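The two complexes that follow have chain A in common; it is paired with chain B in the first and with chain C in the second.
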Partner chain A sequence: MSRSLLVAASVEEALGELAGGARAVAGGTDLVVGARQGKAPLPERLVAVHRLAELATMEEADGVLRLGAGVTHARVAADLRVRARLAALADASTIVGSHATRAQGTIGGNVMNASPAADTVGPLICFGASLRLRSASASRTVPLEGFATGPGTTAAEPGELLEAVEIPLPGEGAGSAYLRLDYRRQMEIAVVGVAALVRLDGGRVADARVAITALAPTVRRVPDAEEILAGTTGGADTLEALGEAVAAASRPISDVRGSAAYRSAMAAVIARRAVQAALERAR
Partner chain B sequence: MATTERPRTFVRPDGIEKVTGTGRYTADLVLPGQLYAKFRYAERSRARIVRVDLERARSLPGVLAVVTHEDVPDVRYGHMVQDRRLFARDEVRFEGEIVAAVAATTPEVAARAAALIEVEYEPLPPLTDIETALEEGAPLVHEEWESYGGDDELGRDRNVLGRSVIVKGDPDAAMAEADVVVRGRYVADASQGAPIEPRAVVAQWQGEKLTVWSSTQVPYIARSVIARVLELPESHVRVIVPLLGGGFGSKCDFHFEAHVAALARAAGRPVKLVFSRAEEFFAPDHRREGMVIELETGARSDGTIVARRGRLLLDGGAYCGEGGFFAQMAAMHACGPYELENVRIDSSLVYTNRQPSGSIRAPTAPQTCWAVEQHMDELAEALGLDPVELRRRTLIREGSESPTRQVFGPVSIRQTLDRAAELIGYGRELPENEGIGIASAWWPSFGGESGAYLKLNADGTGTIVTGAQENGSGAVMGLPLLVARTLGMRPDDFSLLYQDTDAAPWDGGSSGSQTTFNNGRAVVEAAVEVRRQLLELAAEELEVDPGDLELADGEARVKGAPGRGVAIAELAGSGKTIIGKGSGRVPDAPATAPDPGCVGRLGMESFLEPQLMTHAVHVRVDPDTGVVRVLRVVAVHDSGTILNRVGADGQVYGGVVMGIGQALTEATQFDDDGRQRNPHLLDYKLVTASDAPAIDIEWIETPAVDGGPFGAKGIGEPPCVPTPAAVANAIAAATGRRVRRLPMTAERVWEAGR
Partner chain C sequence: MKVAATLTVNGVDYPVELDPHTTLLRAIREHVGLTGSKEGCDDSECGACMVLLDDEPVNSCSYLALQAEGRRITTVEGLAGGSGLSPLQQAFLEHGGVQCGFCTPGMLISATALLRRTPSPSEDDVRIALSGNLCRCTGYDGIVKAVLDVAGR
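Right after this comes the complex of A and B.
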């Protein structure tokens, strides 16, 4: 048994290694920690992409914020554009794991790991983010929504590297929030999370996105909840109905972190609070 | 004594190396030719071993030794019951049971080899529930229990590993006549010590002599058991403890030292074992025991408690380990520091096919106190009395008689209650969903043999050679304060030499909050001997009577004649041997009823110099999610004279935070087969620094009459005892609902509110 780790000096070198069957690693906060915990052994062949400057850029152009896949959660959380215009993403990036996780872990890793509990993915889906994927032979852009196909699995082709996450910046009147049920103030993982984006027009919700985290096999939107919000002022009755819709759309499991019944009940509570926070930010 | 200085900014000698990362722990040791150990665990909770095949493991390149029960003497060990072998022979009884061990050139090869060992099992249904284990006809965790050596006082019977019954008066008749009777059933989950350092052992043989470096809290006890199970003279075994990264009791007792020694002998090379975090959770025979606590208390309308009946079941797990005394300790806490006229407490420690329970900081006390103090609040409610007022009327005072007829000396628990209530602002209006809860508790001081040497060096400094073990609490680090105080020198004039069983006198180790209490006495006695030698030398030098001299400010000087003296450094540098030794007289256990109305008398039927305390906790509960935030904790303690304020405060800060974890988030969860479901720090939820509330500490100092140095009692364990109870009462105050499961997780608080 042999094991290899190549620290890539260029994207091309990384792509070559991926084409040969390697798995990419950046912060290692899922892959390495998971291996130590016995979830899955480390892949035999690894290519480290954490030193690639091309993956660590943050650029805004034509109303789109392009986050290199190697940008850490800490950088996302501290970015003033993100805090002002993509508040839900700032919320999520601020609470991923621990200080150490945020210093090492990357937004690209959070997306590619495809955990149902990934904090940044719900906000990114709400913002309509797309993914820039590149292999040794081709490049393509795909929507993030639908990219995760199950816990730990994605629609990425073998040999593809996530280069960047492209996020259209929401226009005037938008507000967003990501809220998570936390048992303690640090080092948490989502048991229930809800991301919300609303755009208000004349005090009414012109457009709404709601996504759930750790409540289904993948992070996903809840169209019923979005419909309930649309056209309303987001009053108490609307939020009540929205909470019920989110709970109904949830497919929670029972595990050491909480029972399915508790998760369902909390889905409604956290959804109401997340949408409430998004509405307040939009006003 | 020269000075009564009690510094608040004392810098412990091991502080800088620990916080700067230069400190060396057991896992940092590297010996030439060292191999790496890996254990093959049962990974199931109950099965008969049919066949073990080591061939594939042995033939893996890089493997130098594979050992099983066949390679060590057939000796059973265990503190109060000898019920365990180093390696499973016929049957495995919990998931962390060790079937075989491997030593190889790298940790990876060792792990692969361990996985290549083939073990064929005949599965047996595991016994994972304490109440089922007591049923008629339940399978026995140890079929041959009667043949085991053990303490006769334990009252062992089938799956009951130990039983304690405390009886006073006629509780049935008194209960029948009580004005008010309340009943409650409380269930506590198991939890863990979770030290930051996973344990490590390095073993090296030189001929017939064995040196073991181990992250143990109790090196002398570890040495004894290593010698016993490997059938070596104790003098052939030397145990050294490099810096220890915490233990919270979980590193008490002997653990894996002999397994690693057996590997090192078989391989002919030094062998190192370093646990993963998961192993640190499931493999040691140490966790805080799960409990079922049923209480019934009758009172007169004025609050006088006329009767208490209680039934306690403790999950002892698969082996006794060092936890054999738990039934009695729990029974004492089911009485609590209260005046009870009539009592019957029946407490059983029960074998199950789960990880063995063992001492974790104040074993059995936080859970039992959590139940008793909620029960007291419920009694207050039934009586229409304020909970603080009920406690004021019923807590012990000087002259009170305990259920085992111990008569208490000066005790200040009521003062801790009053002061805690005052500091938290008890009774004031609070915002919605907030509440304040109060809980009082006690914990004994433990007298025990302990020893130290003190020598002065030629440069005028001193070295304390102590048998005591520093587990992180700072107790050993505080010893220079005691010596300096006796010799009129500065604390940083003294270095510490610990812990090497070949160098220092015997000590019970870092357990039972006993280091300052017992070893403190020993070092003071050693210092007094040095003091006498210094005064004699100075008397000769100054040509005065030793009785006219005092030691202060680093010199021996004539009392009342400033300027007439000689520096201690000068005396120490004279070439004379200046060395003192000490042990001190061990205080006697207070007398109790001679009548054996009590079963299971293991030495805890009286509480020597009890430490007394009250915590007051202010919480906010999110009514929709059940998430509880602790906003503020007031901790008022009487631990006798406080010798090192910064160290004592540190114990309370840490204990309170540990208590909050026990209260709200920390639980080891088991699957139906008795295996741990969350043996890692993501889902075993410790409280983080961000969760820590404001903590206000106050000390009521009632000097111990027959205790530690200068009237000190212990302090290490009890700070975590009343916190879960106070949090529980605060939750009830905030929500109007009681949570009778520990930990009181968000989900359980939410359920209680539905």
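Right after this comes the complex of A and C.
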């Protein structure tokens, strides 16, 4: 069949195209770039979702911030609720690509592209985010953790559109941070990234979440590191052990941005700094 | 199959017929005929193709042209007013911000977007904002001085 691109005027119209085998495009900052790099050709049938106002909403209700999949990184980074209560996500959304990327690229695109180096995914996993997926015939909500099944692949069914990312807002005493090792101040892809969320109670870590970026085939949590943090005050010895645990859990690749050995070594450093920043924000 | 569309570039409507995979950069250069925007890396690394879409920057090599229908596209050709070069363009010339000129259209668009967003940027703000635009000639100093000069007026 011939090439087509439908600019969807409603979610229903987009879902109809997706059911027919189309691939969704929003900002194009991954899909089009990937095609030009020769990673994957542009799909023959495309449905553009960038005009859908229903996907561009940000709403807070019952302690959950619901970000429409079409909300741009620039809007996430500027949102005062995100900056105050989901600081790790603000950290990540502020450094994705460049101003040009952030003006067009969306949080939904970052999730669905399933890059092992996706900046926003580590923070979202730490916050326990869920994904609202919809097809022409059904809707479902799934945890973001475990949604990516490998580099560029997800558990989404054919025909499913990501409608929204739902993020439970952390309670009192929480602090979070996302830190990335990079070489360039814009248009950079994480060499190593670590997201951390801690909740302090009486000066001790009551809950901890640590997730690694560009260190494994998918962005994922490091349970060993979380256990090391739990119940401590986050002192130097704890952070040392935490760094070692993160490095041990890393399965990085070697590529133009860094060797596997370098990434593992830096994983410990970036993990310590990310957790330290989260602790400082929680205090 | 080609699709008929209208692209609004620098305030002018251009009727075009595009393959759905055509990038905005190719549409602007080859169908609209404005060649100020450049293809550098074609990989969204260098920013030479940067244009404004409803006043927000976009790397046009990595954006599908049909998605730009109904939006205001501004290229480097649209920065100059009726009376001549824009203050930024003039400052680039005065401060040695132009050598070979290939990055200049993207730099000017990027700097225009920065000053709209942040009218009084620090030097660091300027350097960060322009770090999505690569220049292999000037060493960036002349460009940064030009942007700070205009911002300080």
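As a working rule, the second predicted complex is superposed on the first by the 282 of 283 C-alpha atoms of A that agree within 3 Å, B and C clash if a C-alpha of one lies under 4 Å from a C-alpha of the other, contacts with A are read in each partner's own complex, and residues count from 1 in each chain.
What we mean here is this: a contact is a pair of C-beta atoms (placed from the backbone, for glycine too) under 8 Å apart; a residue touches a chain by one contact, two chains touch by 3 or more.
Computed from a prediction, not measured in an experiment: that's the story for all the values here.
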| item | value |
| --- | --- |
| Overlay on chain A: chain C relative to chain B, clash or fit | clash |
| Partner chain in contact with A:257 - chain B first, chain C second, else both or neither | first |
| Partner chain in contact with A:36 - chain B first, chain C second, else both or neither | both |
| Partner chain(s) touched by A:181 [first = chain B, second = chain C, both, neither] | first |
| Partner, of chain C and chain B, that touches more residues belonging to chain A | C |
| Contacts of A:189 with chain B and chain C, given as first, second, both or neither | first |
| First, second, both or neither for A:25, with chain B first and chain C second | second |
| Partner chain(s) touched by A:88 [first = chain B, second = chain C, both, neither] | neither |
| Which superposed partner A:265 touches (first chain B, second chain C, both, neither) | first |
| Contact residues common to both interfaces of chain A (with chain B and with chain C) | 36-37, 184-187 |
| Chain C-touching residues of chain A, taken from the complex the two chains share | 2-5, 7, 25, 27-29, 32-33, 35-37, 42, 46, 48, 50, 74, 97-101, 103-104, 184-187 |
| Chain A contact footprint on chain B (complex, rising order) | 276-278, 624-625, 627, 664-665, 669, 677-678, 680-683, 685, 687-691, 745-747, 750-751 |
| Residue numbers on chain A that touch chain B, as the complex places them | 36-38, 181-187, 189, 256-259, 262, 265-266, 269-270 |
| Chain A-touching residues of chain C, taken from the complex the two chains share | 1, 3, 19-21, 23, 42-45, 47, 50, 53, 56-59, 61-64, 66-67, 69, 110, 113-114, 117, 127-129, 131-132 |
